[in-house]
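Quick heads-up: structures coming right below.
The two complexes that follow have chain A in common; it is paired with chain B in the first and with chain C in the second.
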Partner chain A sequence: MGRYLKLYGRFTAQYLKFMMQSKVNFFIGFFGFLTVQASGLAFLYLVFQHIPTLNGWSFYEILFIYGFAQLPRGIDHLLTDYIWLLGMRVIIKGEFDRYLLRPINPLFHLISERFQPDAFGEIIVGIVITGIAIKKLGMEITFLKVILFIVFILAGAIIYTSIKLFFASLAFWIKNSMPIMNLTYAMADFAKYPNQIYSKFVQAIITVIIPFAFTAFIPATYFTGDTSLTLALFGTVGAAIISFTVAYSIWLRGIKIYESAGN
Partner chain B sequence: METCKRTLGVYLPFAKSEIQRALAYRISFFGYILGDVFQIVIAFYLWSAIFNSSSSPKINGFTKNEMMVYIVMSFITAMTIGSGTEWVVASEVQSGEIAINLIRPINYKLRLISQSLGSIFWQFIAIFLPIWITMVGIRYFTLGELPPHITTIGTYLLSLIFSFLIWFLFNFCFGLTAFYVTYIWGLNMFKEAFVRFVSGAIIPIIFFPLWFQKALALLPFGSINYTPVMIYLNKYTTYETLKVLGIQVLWIIILYLFSKFFWGKAMKKLTIMGG
Partner chain C sequence: MIHVENLTKEFKFRKSQPGLKGAVKGLFSNVTETKTAVNNISFDISPGEIVGYIGSNGAGKSTTIKMMTGILTPTGGRCLVNGIVPYEKRMENSQNIGVVFGQRTQLWWDLPLSETFTILRDIYRVPNKEFQDRMEFLESVLGFNEFIHSTVRTLSLGQRMRADLAAAMIHNPKILFLDEPSIGLDVVVKENIRKAIKLMNKEFNTTVLLTTHDMAEIEELCNRIIIIDSGEKIYDGDKKQFKDKYGYMKTIEMNIANEEKAKLLNFNTSFNLSSEDINWSIKDQKIVLNYHKDKVSSMQIISCAMDKVDINDINIRELPIEDIVKGIYQGLT
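Moving on, here comes the complex of A and B:
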């Protein structure tokens, strides 16, 4: 574990050096993701000029869920962005050989290829929005709640990573899994809004099949008092464990059948 | 006539190859489209909840039904007119390929527009028509609502072509920024999110505060999406329709001149790099 942390530090330092060559690029990526999130917020703000509550949810409650949703997403984006390249390029180009040749865990090696500072756009929006919402809603901050908040966000990030890894690993069979990754990743947006607005069918999909509901809506609404602690805690942590186990075993199977495209 | 035929002979293959390329990659194409379709689904549920929570049946002059049509039409309008010209230009700038285009006996912009026409033709067939027909069908069978009058559809299509030209010219200029910026992916992210919002593709422009609407009236973005969709929804009087179409034409002219100027500047920069 210590060795891996040290290695990750080295990899990241290398990548940051590369990033610092162009600070402009950092700001461009940052503002890119910031704008995406800001437009979603502006939409909510404009809509709430016309309605007192959305299906019984106040503006700040919605804001809290929305802001919360950015945090696991941003953390996953920051650390494991290279998984996207597994789906779209690494297998096709025969680049995967490299990961099998080094004496470190291949998944760890793949992930440490990239540290993605663009994600700060999401993380900062998330922190600011949840902060404002917590204040406006007058939420009580206790030690237990802070711990739970951290646990939920980490579990949420693991769910994101697992879903990405699962669909990216399909590339071992179908070579380019980018389209299906893109498709499933887009479903994360469902979790940014209260799930009751969707039909039962949609709710079932985002809770049980592609469990994005556990990255945002379910854990976030524990803090607004709408979800029980049992469901929030066991659901979120359980979903994280199950999805990671499934994704990692698919990844391992994929490695087994991997055939290099090289010469 | 002869020149016309010759021009067509030169540029038509670019459009054709673009369609063939799209057909070759149709699985990934539909993967992307479906991902975007979720955006409509979410918007659909959100607006349903919004209208159910509202005390009045109309919000800013939109009924729930009109809003549903607005969402779908603004989505398929945006999906149809985008042709990725910015990526073609940016990648040719970055790889240096653009230099070769100067010695080729073809007009670079005409080549790009032919390619774009190829992809919007494909997008019209593969995205616009299926979604539009589904929407009209569902609305006919559930609400007994007929599609808009043929002149409205015709005016919409005319406006759609103008939107395409505005968006094409805008993206052409955007692609040329690759001369100055290396991280086009990030910049494009910003552009897409920004334009989506200010062109009315997320929420109708009429929902914006007045000062913001006034500022937007001086910019081309509303002409890209809001104008054709509002025409489709029959929200304009004849006079207003002519006015917004006129504004679209005006923007085509302005952006054309701007792209010429920008291209000239970029070419100067290219010579410097070429040494």
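Moving on, here comes the complex of A and C:
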């Protein structure tokens, strides 16, 4: 385990060094993301200029959930971005072979191919927004709450990674799983807003089947007092464990049937 | 070191018919076809051998290597590499082997070459002192220091191949699998790579399984040759035997102006040799002639031809592997 941490540290240091070299690239990516986030927020703000509450939720409560939603997504984006390429090209072009030729876990090898600092934009926005919302809502900051916050964020990141991994691994069978990955990821945006505004059907899907709800809405609303600790804690951590187990099994199955790509 | 027993690999795929109608039909039908890429192959390779694994394109060479490196699981039979079943204990097997695929790189694309080397050192847990010594040795033999700080993306093919070979050797693997390592390379780089492989084999007793289409490479490196065709092993023996039996033919192509005059030539009678030792055809303003190089020289043939017809250009080459394989089949039937 420690060995993998050291290896990952090495990979990351190198990519950071490399990315800093193209400073223009780095800043464009960074600010690009910032801008996208800002426009999303501007939209929210404008909406709330016209309505006092959304289905019972105040502006700052929504803001908190929105900001909270960015954090697991950002962490996942930062570290495991290369999983997209599994679905896009690694299998089709036979580039997967090299991950099977090294004495390290192939998933680790795949993930360590890329470190995406653009995601820092996402994370910073998330922290800022959440901070503002916490202040405006007058939320109490206790040691327990901080720990839970971190646990929820990490569990949420694992859920994101697992969902991504699951759909990317379908490429072992269908060769190009980009379309379905894009579709699924679009659903992740649903978790930025309160569950109740969706139909029962959609709620069921994003809670139970593709558990995006547990990356943001459910854990975030524990802090606003709308969800019990039991549901938030066991639900989120449970969803993380289950989704990772399912995704990793599909990944392993895919490797078993992998047939490379001619020459 | 390597034990291959009745190794078989079949690929199943949907047979699709051409055209739009065929594509629609394909949605409803369930016809699958099986292609046997590797069919019941067996051989044993001892430590320190350099074996040429040759055959025409599509013969099953890469598929066999992929099974020995753990990428593919065989449909039948088994293989052991240094006592390990590669597709069952992949990571353990990876520690013992080095692989170079000529068509694909294993270096980290977006990072400087030096980083690939140090990352590999960490991945394979090579002690620092050993790493330094090995890098010195590899540099002396492959000369990559001039581009070691360049991003792999920016390297030329020749530089990349040298780097790939070095990367495969960092952990001093007991076995090197080289799948067409010199494809597309110029003569100088090919020379370097051959020297490197020879030295590594001598210095570390590395077992080498080499796939190539280049007869000169076989000539220089291999002491044993295994030939595979349509998934089956059709020859397994030492190089000298192989050369004696099959490597003696060469081909001359002569560009001529007058086909009619060329038809008057008869090389069999001129040199008193049977058509097995010398045969030719005339087409498209060219005489393409195959001859036994120990029984008649190219100079003799050319002057004989020049006697009757004007020659504009000459091209002499070794008989390509495909023709040798064809020849082996004809010898067997």
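Please note the rule applied: the second predicted complex is superposed on the first by the 262 of 263 C-alpha atoms of A that agree within 3 Å, B and C clash if a C-alpha of one lies under 4 Å from a C-alpha of the other, contacts with A are read in each partner's own complex, and residues count from 1 in each chain.
Just so it is clear, contacts are C-beta pairs under 8 Å (C-beta built on N, C-alpha and C of every residue); 3 or more make two chains touch, one makes a residue touch a chain.
These numbers were taken from a predicted model, which means no experiment stands behind them.
Trainee: Should chain B and chain C be called a clash or a fit once both complexes are overlaid on chain A?
Mentor: Fit: chain B and chain C sit side by side once superposed on chain A.
Trainee: With the two structures laid over each other on chain A, which partner does A:Gln14 touch: chain B (first), chain C (second), both, or neither?
Mentor: A:Gln14: touches chain C, not chain B.
Trainee: Please state, to the nearest 10 degrees, the angle that the Cα centres of chain B and chain C subtend at the Cα centre of chain A after superposition.
Mentor: Reported to the nearest 10, the angle reads 90 degrees.
Trainee: Kindly classify A:Lys6 by the partners it touches after superposition: chain B alone (first), chain C alone (second), both, or neither?
Mentor: Second partner only.
Trainee: Classify the contacts of A:Arg98 with the two partner chains as first (chain B alone), second (chain C alone), both, or neither.
Mentor: So A:Arg98 only meets chain C here.
Trainee: Would you sort A:Ile28 into first (chain B), second (chain C), both or neither based on which partner it touches?
Mentor: First partner only, chain B.
Trainee: Answer with first, second, both or neither: which of chain B and chain C does A:Asn182 touch in the superposed model?
Mentor: In the superposed model, A:Asn182 contacts chain B only, not chain C.
Trainee: If we overlay the two complexes on their shared chain A, which of chain B and chain C does A:Tyr258 touch? Say first, second, both or neither.
Mentor: It touches chain C, and chain B stays clear.
Trainee: Which touches a greater number of chain A residues, chain B or chain C?
Mentor: Ranking chain B and chain C by residues of chain A touched puts B first.
Trainee: So, A:Tyr198: does it touch chain B (first), chain C (second), both, or neither?
Mentor: The answer is first: A:Tyr198 touches chain B but not chain C.
Trainee: Please work out how little space separates the C-alpha atoms of chain B and chain C at their nearest point after superposition, in whole Å.
Mentor: 12
Trainee: If you look only at chain A, which of its residues touch chain C in the complex?
Mentor: 6-7, 10-11, 14-15, 18, 94-95, 97-98, 100-105, 113, 256, 258-260, 262-263
Trainee: For the complex, which residues does chain C have touching chain A?
Mentor: 11, 62, 66, 69-73, 90-92, 94-95, 97, 99, 101, 103-104, 106, 108, 110-111, 115, 118-119, 122-124, 151, 179
Trainee: Could you pull out which chain B residues touch chain A in their complex?
Mentor: Within the complex, chain B touches chain A at residues 27-32, 34-36, 38-39, 41-42, 45-46, 48-50, 52-54, 59-60, 181-183, 185-190, 193-194, 196-197, 202-203, 207-208.
Trainee: Please give the residue numbers of chain A that touch chain B in the complex, ascending.
Mentor: Residue positions touching the partner: 22, 24-25, 28-29, 31-33, 35-36, 38-40, 42-43, 46-47, 49-55, 118, 176, 178-180, 182-183, 185-187, 189-190, 193, 197-199, 202.
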